[in-house]
């Protein structure tokens, strides 16, 4: 099957930028997190609030991430992020993000996320759980 | 010369955490950024506001970063971050961060930063610049 | 003249919410700041980056703000914010924000902002400056 | 009884500041939120994670807040915040924050918070609940 790719556009805001006038780099990871959520929301046809309930899980926390910052962005810039699932395993998946400004690749990011469930009511005791077959299918299959 | 290591303690706050009750992972990069600033402030004996003026440069933006999230942290946790300079080149340097909670390694991060100067009054046109010899010496030398 | 009103829609994201599952309230002020920027961008027909240069000023910092939080919002909610200029003085202006979710007023905010210029190259020495006549006219006049 | 006052010191960081070089004002509300948590933690002798469990409630969300920004702060500044409980009612309380830099009052903030409990497992259905007598006593009484 083909790889699932989702495109999202974001505006860089004044409050995302630092005294050098460019984006404060941790904000890129917030952008990537919104992109991954958008991908799952589009694939599953519901909001994150709904899909956490529907598939009875706690979330898909990042366990490994990397980013290369190639060109700076600043407030007022509209950027386009293309997010692609590049690996889909039993209880984890990998996403690549390409962020462009005016058609020029500005940031490359990648992340590995794990499908987790709370083991009990204790919020910090979470454990990897197999990704449901239906989700795997909607994300493009293994 | 020995490698420069700086230790910083941070409390994880309620507002740093997400609905899963654990830290929202982009916040770790804010923590790492504060650690790198602390390292430079301690090595140079002045605040960032002062050292940007003293060495006439715009900043030390990250061009590449990676992090592995091993154990979750949540609000109320006090974490210890050990930051070490692992490479010091002509106009860039590399730092590794080890974040522990109760003595257990929870996050490993690394980053490459470039010493940059604005080319003109235009805030987004920045260019790599050699790290001053005095700074290199204070950071432990090449 | 009629009062200028601008409407903006925002999605509340996972990373905007706290362990109680609802939005972390400082995020509302980030939303309001984006709304005020949007209002000025629409009225002046350029981005904030462009209008700071075009009118040669440093910004429009908030000097007084108040907000009432009536109904909680959470991730996945789409909210509508109506922002209205309610006062336009020599060097300051006042904006009211009404944020609704599903047609129900959820937050009411107000803010007073001052038009400021840097007195010199020193970033923290800023001073109120008369709002240019052209800007006053585009914002609906006094 | 005397009013409870708690003092906290914070450093303003690079990532808290905007392209004007001064703090991005929503960050002040994050500071105030940490101050209120610190006050409760000191009064109750436990972390927020612990006191939410010990007193079986969901949180103390802000329902009304106001702030006046008198003097700007920027990265590298160390500020002192004095937080005082000025009203303690059946299920709500009011706090005033005075933030100073080098002894000069820079920001004044006030907030009203409600003691709430989740009505069920549904995270957004929360309801005001009487503040426990023990908490009232530790906060200085009515």
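Note that the chains are named A, B, C and D in the order they appear, and that numbering of residues resets to 1 at the start of each chain.
Just so it is clear, a contact is a pair of C-beta atoms (placed from the backbone, for glycine too) under 8 Å apart; a residue touches a chain by one contact, two chains touch by 3 or more.
As the structure is a computational prediction, the values presented were derived from the model and not from experiment.
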Handout entry: Contact-graph distance - origin chain A, target chain C
Key = 1
Completion exercise
In terms of CA centroids, furthest away from chain D sits chain A
Practice task
Please work out the Cα centroid separation of chain A and chain D, and write it as a whole number of Å.
Solution key: 32
Handout entry: chain B and chain D, separation of their C-alpha mean positions in angstrom
Key = 28
Exercise for the section: Give, as an integer number of Å, the spacing between the C-alpha centres of chain B and chain A. Expected result: 24
Problem - Residues of chain C whose C-beta touches two or more other chains - result: 14-15, 18-21, 24, 26, 30, 33, 74-75, 123
Practice task
Flag every residue of chain A that touches chain C in the complex, lowest number first.
Solution key: 13-15, 19, 30, 33-34, 37, 47-50, 74-76, 123
Completion exercise
Interface with chain A, chain B side, in the complex: residues 18, 20-22, 24-27, 29-30, 33, 58-59, 61-70, 72, 74, 123-124, 126
Exercise for the section: Show which residues of chain A lie in contact with chain D when the two form their complex. Expected result: 14-15, 17-21, 24, 26, 74-75
